[in-house]
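You will see two complexes here that share chain A, one where it goes with chain B and one where it goes with chain C.
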Partner chain A sequence: MTTTLSATMRPAMASRLRVSASHGFPALLSLVALVVILGITVANQPGILSVSGLTLMLMSAVPLVFAAQAQMLIMSVGDIDLGIGALIGLVTVIAATLLAESPILGVGMLVAIVLVYALLGLIVQKRGVPSIIITLGMSFVWIGLGLQILPTPGGTTPEWLTALGRWRPEAIPAPLVFIVAATVIGWYLSRQSRIGTRMRALGSSAPTLQKAGWSLAGTRVVTYVLAATLIIVSGLLLASQTRSGDINSASNFTLMTIAAVILGGGNFSGGRALPVGATLGAVTLGLITVLLSVMSLSSSLQSAAQGIIVLAVLAGRIITERFTR
Partner chain B sequence: MSVTLSSPLLTEPDAPLGRRRIGWPAWGWSLIGVLAVWALIVIVRPGAPFDPLAQAMTLAPFLVLVALGQMLVITLGPGNIDVSVGTIISMASYVSVAVGASVGPVAGILAAVGVGIAAAVCSIVAILLLRVPPIIATLATSLIVSSATLLLADASRHSADAGLREFVNAKILGIPVIALLVLAITVVIALALRHTRFGLSVLAVGQSARAAERAGIKVWAITALAYLVCGAFAGLTGGLLAAFISPSTVLGTSYMLDSIAVVVIGGTLISGGRAVATGAWTGALFFVLLSGLLNLVGWSIGAQNILKGVLVVAVVIVSAAATGTGRSSRARLRESLHLGTRNKETTHG
Partner chain C sequence: MSRTAISEPALSESVGTARSATHTAPTIIARGVTRSYGRTRALRGVDLQLEHGEILGLVGHNGAGKSTLMRMLAGIEQPDSGEVIARERTAGKSWDAASAAASGVRMVYQELALCNDLTVAENASLSDPRPTGAWGWRGRAERRIGEALDTVFPGHGISVLRRTGELAMAERQMVEIARALCTDNLSLLILDEPTESLGVDATAQLYSHLRTLTGRGVSVLLISHRMQEVLANSDRIAVMKDGMVVETFAASTATEGELLVVMGGEVRATDFEVDAGAISPAVSGRAGGRGEIVASVRAASGIAFEARAGELIGLAGLAGQGQEQLLNKLWSAGALSRGVTVPKRRAYVPGDRQTSGILPLWSVAENLTISALRGLGRFGLVDGRAKRALAARWIAALKVRGDATTPITSLSGGNQQKVLVARAFAANAALVILDDPFRGVDVATKNELYALMKAEAAGGRSIVWYSTENSEMAHCDRVYVFRANRLVSELSGESNTEERIIADSFDETTGAQR
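Entry: the complex of A and B
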């Protein structure tokens, strides 16, 4: 009995392992990059290996991890969101102004953003327009709204949000808690829930999903709504750290989130969602800033370093994919 | 409402070449937009009705130049877009001023074109060798370029050459010299798209890269050339803008979305395969006049951004519906976004 069972299971297990190995390989690559960055940082600043040191180092990665999970959901259906950075900026602006002054209006704005995303998902599905152009256009709407509400950086976040940013447990670094939470949420949404399966099905083979009796538009709209919610959480967390609003505070998140998903083993054509990989990618990219300051390099080089690392990892990925096949 | 194709090369199967109607040109809607905004400006501020147009003619050429390059790239088909033009303009402005101060203004402009091409080479290597989707490749390039711009800005203490300044602001019969120059470039591009091997190949690749490849077109070479032209035009714009305004790290920022918007508004298909060079002019004039009008009425930068964004989204949705290209272009976009060799097995997460 057991022998026949294992005999029938073995090919399935083997292909499963092989597929997950080839999927997980890029994430492994970014894990290596992460360890190298961590190693260099610790060698230069041994003090960083404490709860407070890790808190400082990982803090900037927290909003990025949430945003990367959002981008991962959008990319799992085969779309790309180019408005993510501008929208997170807008959320920090809303958090620092409306949410503190008139909470009802602030919450209303955030709900409106989710509704707009639902509409975007519907337009992309029904009209077949590229998500890249639509979200790029929307990013200017977000920036415009942000400038209308708060022309120059400033404002103050509500007390509860500031308290969230100030929360420091003694045993473990607070950012680690948020990063793990974001990963678990992303993992549940994309890999564990039924909607996650539908998302990946929409990304890899939309006709199959339709034949199975599911609504394509419904799936895409739910994906966009879930992503918008995660983006808002990311914006609120960023505001809780900076305690002010700035429309340009997250402008580099757009590329960083896409890069994080790709670094973590995702792809541009959809059908794949690897939450742990996306988190690893986001943390790696977030730590580049820390690395540059530890190595006392000019902050002007920061964006170039990010660009080069993205290209290098993508190149590495192409090479490893050649070998694993 | 139907938008018919203006070029005989691109007739749809149901409209054979011989029976082609003398249809509505693809840039027609944007021309209506230009006239409407112009009329509104005249209503808001009566007297001297040609002043706003003359003013727009001084600003629009720069946008047209960037848009022409962007148009070639977008025409290559779904997924092709150059988001590095904005940062290239900023970088080229510093380069042209720095080289111009030590060697001469002409060398400065050439150097600006050169750095534009260098940035394009970076994108092309990523797109063709590393097989990175163009939008990510050009985003990565723009990150590298913006770092270079910041480093140049720290070192630069020059200002533009006086002779170049004079040239950029010169007018013949009331028309800026730059406008005439860009007009000539537009004519060259338009003719190239209709009559040269390169232009026709760009259109063919945009309509179907696979069919173009089977027909013996070197798709990689055409792709590379289109991005090179785009980078060169962005560099030239930066060099000229350095003399027209002055070098700055944010000089080119607005040109990124504006160039894409101008291309789309001008009637070029975002899904590729149809380029409308005239549309770059009508689109750019529409954009420049519109921001003139909004400034006149007293709209803030924020409100102008909102309107621009909504306009781009609306035009994309309407044009996707009018030409019926949306669905097929998305399928092709997704195909083009596959990393490396196509392997169905690995797409099942």
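Entry: the complex of A and C
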């Protein structure tokens, strides 16, 4: 073993890579699914392999990737957020109305959302309320608020947000930049930062984290705050693409983010966070609509196709795990 | 220039001597510490003193209060009365987990405190109080735990990048020990059964490192049931019994026999002839000859387990030496289990009634009859009258407070336990398995249940009863003593005494095979 040869040296690059590969293995199947879907799409429509083609294809995945990273953070402490879709809808509504009309009020509302999430984290920890219940309840609050502000889809997003959505660099597809940024942020928060270690420790074994002298409530609150921030970014990016607000625009995000995290190797019990996997899962699910249209199938089959992909990847993971063990 | 060069070491030396003068004070003192959990008095006035730079062994049988005392010393729990005085404590601050950690008290838990989903380095960084930068902390954590592992266990072969869940038990134990050493100002190291899953080499490495630590002035509290190790590696040995430190020996002069006597056991020398008698068919035939063998478990080494109809069989020994595995074998044996024969109808009384015993939303009667429903039904329908009659009979027999329709959660713990025991006996099973069911049950209830168990055994059932309370074993016809996952002795009749159980459960001559 390389680690034992020298007393003070850190593990060598080779063993580092080997361990990362074995830890990231569950995300691999989601990569396989992504490559297969991409392969079929390109075979049918070779034009897609251009900057503008990839931009069109990946655009819808951008908000989903940010939302999936938020869900991954929540799931790494062992919780599940069922209010993500409704909250992203509310953020688009705020972006298309308040943020353009009175920016101070708009920003104030976004900050208030973060504070509410901090409170949710505190309640989940201190009162033992299951996160599923409390976030499901909050999703109705978000929908109600959104309908109150903007009963029908519409509004206009502020100029800077529209400009962000219109940004098209020559050399690389703009969505790819956002997707990579989301992954790096998620990776830094969950894997590289100290708070990320505490998050996963909380999901893995809360008593151990407590014995090590850390505050469980503090860890959970920080997790929820970070997740809320990512959710808001996701909502703003969605609004920048649609240039309007719609409370129902992201209602399918809730279950899709959970599916993305699971596809990317996460689990429901907490303790794990695979940011690259979550991104791969989200992009795979986002590409299905493109695939269906390229194969000239009805887009109403989208949900069924997504479901089949999720089941196929999970079945594949169970089979490969049996072989590798 | 040269003057300062000379005066500098001289200065640091004088600081060093000044420090060692203050360090001669004991590292930690417990004075009259008591602690109760409900009715159980875990500690009844413990006095203990841990000197600077010594290894103090702490021994005692189940429930002597070792773990509770350890938590008091580490500041995790506060004593009801009495006090814990630590040398390193900042004046004016109470002795809690935070101030204990700040004064360099570290603890290695028996039930390892590691997050299985985190890597070795991440686990170590969680409990490392030393400051790290926001950047590069990961590299620093990897180097620190790597160094600690290399220092204590050279040639360990553990990669600090792996998740602890992927490591073998012995490796996890090494990580748990090494990460306790990841601190600068270590003053007191508390080890709870640190060698339980370590191999011979790693154990030797650990003890030699402990000596290096004490040379630096660290005090070590070593809790272990391996008498030879404690005798060989401690400076002094404190023996606990019934929540008190009853005696303290110098390790160099004490013998295993002396320790056992103080713990409540008997001296090993007289045991040998009785031991042979206990296993001989003449003696066991007297106690166990009531009926045919209904259950048996063959063992690769040690004594094979046998249960006859009409017998009350006790499983004794230190906690976690394989008793639960045997119960589990008896309970979950199927057609494919090799070496295990069990009757078809079995009943089980769990130890932890809150998590695996009661159905909290159901009434007393429903809880009591759930296992017996098979016998009460016809064509898949439950005969309600027979069910009520059965419940009423058991409630009357066991004097359960409250009637059949009260919710189970409104009963006291002891009465809930009665319902669970009644549930097992009402099921008409040939073999009844009890997994330490009387923890925290009051004496009156216990006596009623002992009588019930004896009566049921006399009625032809076979009862297997695991208990951590050695005095309870006197009620049994035969007792198997466990050590290191093997049955090391079988006691019955006159050999079935508490002293013998204690002696046999520490008996390294028959049990030390690993």
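Throughout what follows, the second predicted complex is superposed on the first by the 303 of 325 C-alpha atoms of A that agree within 3 Å, B and C clash if a C-alpha of one lies under 4 Å from a C-alpha of the other, contacts with A are read in each partner's own complex, and residues count from 1 in each chain.
Heads up, the rule we're going with is that contacts are C-beta pairs under 8 Å (C-beta built on N, C-alpha and C of every residue); 3 or more make two chains touch, one makes a residue touch a chain.
Note that the structure is a prediction, hence the values are computed from the model and not measured.
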item: First, second, both or neither for A:280, with chain B first and chain C second; value: neither
item: Partner chain in contact with A:80 - chain B first, chain C second, else both or neither; value: first
item: Partner chain(s) touched by A:145 [first = chain B, second = chain C, both, neither]; value: first
item: Touched partner set for A:198, first chain B, second chain C, both or neither; value: second
item: First, second, both or neither for A:271, with chain B first and chain C second; value: both
item: Contacts of A:57 with chain B and chain C, given as first, second, both or neither; value: neither
item: Touching partner for A:27 - first (chain B), second (chain C), both, neither; value: neither
item: Touched partner set for A:127, first chain B, second chain C, both or neither; value: first
item: First (chain B), second (chain C), both or neither touched by A:313; value: neither
item: On chain A, the residue positions that both chain B and chain C contact, one per complex; value: 19, 23, 200, 203-205, 270-272
item: Residues of chain A that touch chain B when the two form their complex; value: 19, 22-23, 76, 78, 80, 82, 123, 127-130, 132-134, 136-149, 151, 200, 203-205, 252, 254-255, 258-259, 262, 267-274, 298, 300-308, 310-311, 314-315, 317-318, 321-322, 325
item: Complex contact set, residues of chain C against chain A; value: 76, 97-98, 101, 109, 113-118, 122-123, 125-127, 129, 132, 134, 137-139, 142-143, 146-147, 150-151, 154-163
item: Parts of chain A lying in touch with chain C, wherever the complex brings them together; value: 1, 3-4, 7-8, 10-11, 15-16, 19-20, 23, 192-194, 197-198, 200-201, 203-205, 207-209, 211-214, 270-272
item: Chain A-facing residues of chain B, complex; value: 78-79, 81, 126, 130-133, 135-137, 139-144, 146-148, 150-151, 154, 257, 260-261, 264, 270-271, 300-313, 316-317, 320-321, 326-330, 333-335, 337-341, 343, 345-349
